[in-house]
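Next come two complexes built around chain A: one with chain B, the other with chain C.
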Partner chain A sequence: MLRKIIGILAAGSLFIAVNMWAVPTGADILKRMDDFQDQRSDITCKADITQQRVGQGIKDLQWIFYRKDKTDSILIVETAPESEKGRGYLRVENNFFLYLPNTRTFQTINRDESIGGSDARAGDFEKRKYSELYRVETNAQGKELIEEVKLGKVSAYMVTLVGIVNDVTYPKQVYWLDKDNFFQYKVQSYSLSGTLMQTAYYPKWTQIEGKFLAVQMIFIDEFDKGNKSIVELSAISLAPLEDSIFTKAYLENLSK
Partner chain B sequence: MFGKFLISTGFLILTAGIASADIAVPDENSLFQGDTMVDTNKVISNAIVSNANKSGVSFSGSIQSITGYNMTAGFLKGTTNYDQNTWFPVTEANLLLDVRLTQGIKAFANVQATYIPVNSSAAQALTGQAASPTNTSTSNVTTLNLQELFLDANINNAVYFRAGKQVLQWGVGNYWSPSDLINIQKESFQALSGSYSQYIEGVYGLKAHIPFGTSANLYGFVNMNGVSEPQNLAFSGKAEFLINPVEISAAIWAKENYHPVYALDLTTRLFNWVDFKGEASFADSDTTPYYSTASNTAAGYGPATYNPYYISNQLVSKVAIGFTKTFDWELSDRISVTVEFYYKSDGYTQNYLTNSTFLNSIQESMFTTGQTAYTMSDFYAYNWLFTGSLNEFIDQNLTLSVTAVGNFVDYSYEVGSTLSWNPVYDFTINLSFFGYIGDVNTEYTVSENGLSAVLTGSIVF
Partner chain C sequence: MGLLLKISLRNLLRQKRRNFFLGLAIAVGMMILVATSSFTKGLTDVILNKWLVYSYGHVSITGYESGNRQNTIVRDRERIIKLIKSVKGVKEVNNYLGIFTRVVGNGKSTMMALVGMPDKDAIDYLGNTEDRGNAHDFTNRSIENPVIMGKDKAKDLNVKVGDTLRVRLTTVNGQVQSADLSLVATSKELTGGSAIAFYIPIDKLKDIRGLKPYESGPLQVVLNHMDDPQAALVAANKIHELLKPGLAGYYGDINSGGYAIKAAALTFYTNSNSMNIISSNLPAVQGSWTLATNTNSAAISVSAAEKLHLGIGSSITGIYPDKFGGSTTNIYKIGAIFKPGKDMAKDLVMAGENNFYYNYLRNLPADSLEVSNAFTGSSKSILAQAIGTEWKLLPRTYTSDELQKKLRKAMKEGFEGSYYDVSTMYEAASFLIDLQRGLDMISLIAVMILFFVILIGVLNTLRMTIRERTREIGTIRAIGMQKDDVKISFIMETFFLTLAGCIAGIILSIGLISLLSLFTIETDSMFGMLLVNKHVNFVFTPGKPFIILFLVFVFIAEYLIIKYDEYIKHWLVTLLLVIFVLIGFLLSGIGGNGILTFLILILNMLMAIAYFPARRAAALSAAAALRQYE
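Now for the complex of A and B:
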């Protein structure tokens, strides 16, 4: 879940609207996805997360995200519930730290470690192009598997991406992309064994300063059936951020 | 019977509450029936959202109930009956107060209340509370302790200050941390194994922190703990550098009439495969009393009493290195394994605990001075630690962990296993077993320890 949120906020899913008049090729799609990643900006927002785990009930969480484009820096701090307030993540370039308020320590997180027990890995925050990680799956005749489908009332391309390197989080992902502007409406992620691990929906989008951003995300855990999360973004600002936000001292000060 | 009724009823109510709660997610056709665009004005903000500029007062905390039962080695072998066994019930509550003004100015307090219904030394050892010599074995003990109480302020987000009683943990080790020159309380092995949660008690002083992005950090700390005269203040400084992919720091501790202590630590990724943490401290003295073993006679047992002395004008080095590797098993990082090794140059290299005179000497020293040459896991020169955990063990809300600590001198060790279950959010039940394995009178069996079972229930709020 966190990986997807970061994907939206950090990996640059601030989409520029693009019109596609013909069925694109796999190369076109990967290029569009890479182009979107380059559309970056400083961003701050609040994420309200409603999380359900089977047997445990429902929990409401709140995070604040900060991202500075120029220094490729990210700060995430948990602000609710009160019992978890203050836990935070700081990333500057490829250096990733986790702050644990209970022990008052920073831990270094390496690129293949998960973030907060989620499916996000530190490596997901790196600027890596889709075209360097994936290719579009082909059938026995070598034809790329790109279909025009309906998702509710929305017309979309369904495209299957398979990993071409070993260190992708999911070796296979199926995307439902808006036909007109390439919004990611739905993503299904599969493990190496072909098990469906997660289905993600992005049903609500907004436009800020000419860029598009998903503001509602729904994550269905297909491995542990019944677990799901809804994420809603608000208080979004694209105002420039100070360098002084992205330090260990600032994060520790935010914490309780 | 009534207790069982209450428990089962409460559980049913709880379960019913959980079962009825469910996030409603429409099917995907319904999700994409309407307009997918949201009015920008509903989600945009003119100001940067931040809890750094949000003032308020908030409380949080935790309550945990710990019940343990210690069985002696003799009881396990059938040579003694159960009257040598002890139980240790403890209830501990931590109340955390967070007072926040704007501009990063804030105050924080962590008050810990502990109630022990019997004056059990095992319970006191577990909680870190001092034994009360005036209490009989049937008296209860209630303590109230300030774990932390401090104020935070900063100068334009460039220099950060923290004044008061605070936990300032230097060093990177998982269990042994010789470069932690400040803390007086260390994490217990039981807490490390996940048996219960432990808030470390802070040290009173003033900290300054100057960050230079994430590439460098300078820290200073003036330790005022128990200091009645300014000349007795202790000073610590640390410089930390990030030279990707290595984070390295150097620190010094100094106090009048004491020998300075120097420390280094380093974390990095080795071969892009395993995490490495290493740290070391160097001084020409040690604050741990040492008992000479040189005077032992040919018979093996020397004077009637061994006298402690403090090593001075002799290099004392302490080094800890650790490796951590996580493994995926359907889920990211489902399995985690850590091994750590610890060397202290003034640690004992032979087992003198079989010498009853030596053993009596260090035990008497502990009761008379409160200082001892014997601290479990910090006695010998060569030591090791293993921790492993498996998430989603059998059930997605169950975690299994196995932890062991031992030495390479008498080859005794303690091994613990904890099952941690989260039946609902913020409520955890832990069941742990700790076994003490080795010959008689070795590092981990010297107190006739055999097996401990610990059951902990905790909530956070």
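Now for the complex of A and C:
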């Protein structure tokens, strides 16, 4: 009996150990990444962006950012520097508008256009599932390339994703994901020809109302060396936002 | 008439010095007029036949996709080129490809326009302008992505011939792309404003940009040598008519669960208006049209569904031969089974634009009559408004503002297919056309002011001559010369003086232009773009035949009015002469300046000016004139 119990316990322990230490499949990882993305909610925050450009020095930008999850609407207002104060961006449905306070006019912008002169593009704010865009890269034997690595002190999965649709911005991305909670700590993005274009680090995470958020992001331009952007989020609120915020009139009012 | 001619010529020779200086003033005026006109014509020639041809074409055909104005692509290049070439006056159709991109050199980077150029054009345009390297290496396919750039930009980027440059851009599908480029030559020609562009073989740029061999960027139409920008509008309107799209669809095998039929697949627009039209005209007997717009879903006709033993939720596979030798497969889940209209094929698949255009545009189907037969209703019918076409043809616009508005509106529609737009240099490069018009008008006004001063001189001289010859007029009137003949003799005198002065002026202008053309101008400024091989470009034209002909008619009409003025009221004669001079002035301004145009215009003006003192002389009675003493 005791042998039986020990046997069951041993088998159970082995089962738990195998499951604890088993490397997840590509599908699991993509699902976890999608789940992570889906935990988004309405959000209001302040974003401080420090941009370093070769030959141009350092530029500090400040945005107020609103996002409504249900309608996937976005409103961004620039509050610094002084020269760009009041400029705003509004996304409602499929339309992305730029508001220019000097002329009090709205212009439509497309997904390739830069937001506030930063590295962010209008298309970066689109909500698309990882599992619809990517698959995990496989080797010649068809084995998925998922490695367990150390990123500093953190144990992480290094996983290479390749695009399965033609219109994905980066056809190849390498992710370093926290083994326990799947935080993205580092992402390398490659061009279609295979050149490393950007490395992004997400070193600081916080938990608000049970939801995890990266509050510091560092984007390093690997193509044009020496360019770097640091984004820091503060004054984060996940309180529900009114539809009336995501209107041209509200943006115009806010920009005054 | 012969006698009057003799008197006029004799009078001209009687006062040689005065007439020489007056003729000289007219000659100098004409010389300046012709030289200025040839200079502005030269600039116009550079702008219309060089700048525009290289940068925009006279007419441009652009395809826009993904609701993005930067994403310009013409999918079936050969078909569109064939249509364009059927328009009269088209000299050639070039495949334009240019991308504004970040270029990284050795530790330096900048934004530049990477322009794809056919080998031959590159050698014609850039050959033998090397500062360093060999421009002919541009055609060497063993070199990876050869490029040529201006020497100053190479210096800015800290690169020399043989070095590698890197560029970052997006492909036609919106993917981030990068490429290494080999600098094979630096050019002395690419300076000033043109230095912003650097050149790569167009096939290489197409590869980098992700275009297939049969696809291209905007097509630039070059018309036969033009000196009238209006020609572009006529050609653009004709091309626009030819670009009317047919139905978007394919004909192929539709398979499901071991059953197969041959059928056409069409597409429908998914905006709310189109969905209403579709659901009310093609009633769904099972499922719904909304369900058919779900990702990878479609609707199928009742007949096809029966033959394939399908129900809602079943999957079908549509396989069609594409235009370029392959075959394409689409898999759809059935969201609706519908009753097709009376002017539609019985066996039919219809996919929403969201599930259709992506594959369709990237794998254009082989031409098939079955597709156009799948819906034979009038293009003006309500149902036709909801059925997808090969592309949407944007309406013609005529100014940059209208073009911008039209594109903004179209890009917001959320259409999943292609838009095609036909624009001319008026919309694409209106600033250049304005520049050209401005130059023409400024030169014409400036020279006409000069001529006005000369005209006052002529008028004054004639008044003096008449005063001096008053007694002579009295004598010839006393021996029987008619009033009319006195008037015409003065007019003829002015006419011959002006004609001689103008001819001398034209000869002088040829000398002046030849002299100015000898100077080589070394400049890095924007002005360098207006030079041809470092020389000022003068274009010597006679003028437009119909304008010359019209001016000749004006001249004859003016002469007849002057000759028969006794039958017309004085104020009306004056008014008509003023009107004729203004018409001549406007015609030469609108119709393009030419040497013969100017010659006839000046003859018209001087004849009109000479009329007033000539009429005064003719009005003198013989007795009164003979009594006149100075």
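In this section, the second predicted complex is superposed on the first by the 214 of 256 C-alpha atoms of A that agree within 3 Å, B and C clash if a C-alpha of one lies under 4 Å from a C-alpha of the other, contacts with A are read in each partner's own complex, and residues count from 1 in each chain.
Note that in this section contacts are C-beta pairs under 8 Å (C-beta built on N, C-alpha and C of every residue); 3 or more make two chains touch, one makes a residue touch a chain.
Bear in mind that the values here come from a model prediction, so they are computed numbers and not experimental data.
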Output check: A:W205 vs chain B and chain C. Expected answer is one of first, second, both, neither. What do you get? first
So, does A:T79 touch the first partner chain B, the second partner chain C, both, or neither? first
Is A:S234 touching the first partner chain B, the second partner chain C, both, or neither of them? first
On the superposed three-chain arrangement, identify whether chain B or chain C touches more chain A residues. B
Which partner does A:K248 contact after superposing on A: first (chain B), second (chain C), both, neither? first
A:K143 contacts which: chain B (first), chain C (second), both, neither? neither
Name the contact category of A:S191: first (chain B only), second (chain C only), both, or neither. both
In the superposed arrangement, which partner chain does A:V54 touch: chain B (first), chain C (second), both, or neither? both
Looking at chain A, which of its residues have contacts with both chain B and chain C? 54-55, 94-95, 108, 110, 112, 169, 191, 193, 195, 223-224
Footprint of chain A on chain B - complex, ascending: 17-18, 21-23, 25, 28-34, 36-40, 42-52, 58-62, 96, 98, 104, 106, 108, 152, 154, 156-158, 160, 166-169, 187, 197, 199-200, 209-211, 213-214, 217, 242, 244-245, 247, 267, 269, 275, 326, 330-333, 391-392, 396-397, 422-426, 460-461
Which residues of chain A touch chain C in their complex? 54-55, 94-95, 107-108, 110-112, 123, 163, 166-171, 189, 191-193, 195, 197, 223-224
Residues on chain C engaged by chain A in the complex (per definition of touch): 66-70, 102, 104, 108-109, 166, 168, 170-171, 173-179, 208, 210, 362, 408, 411-412, 414
Under the touch definition given earlier, write down the residues of chain A that touch chain B in their complex. 44-46, 50, 52-59, 64, 66, 71, 77, 79, 81-83, 85, 90, 92-95, 97, 102-105, 108, 110, 112-114, 117-119, 121, 151-154, 169, 183, 185-186, 191, 193, 195, 201, 203-208, 215-216, 218, 220, 223-224, 227-230, 233-237, 239, 241-250, 252-254, 256
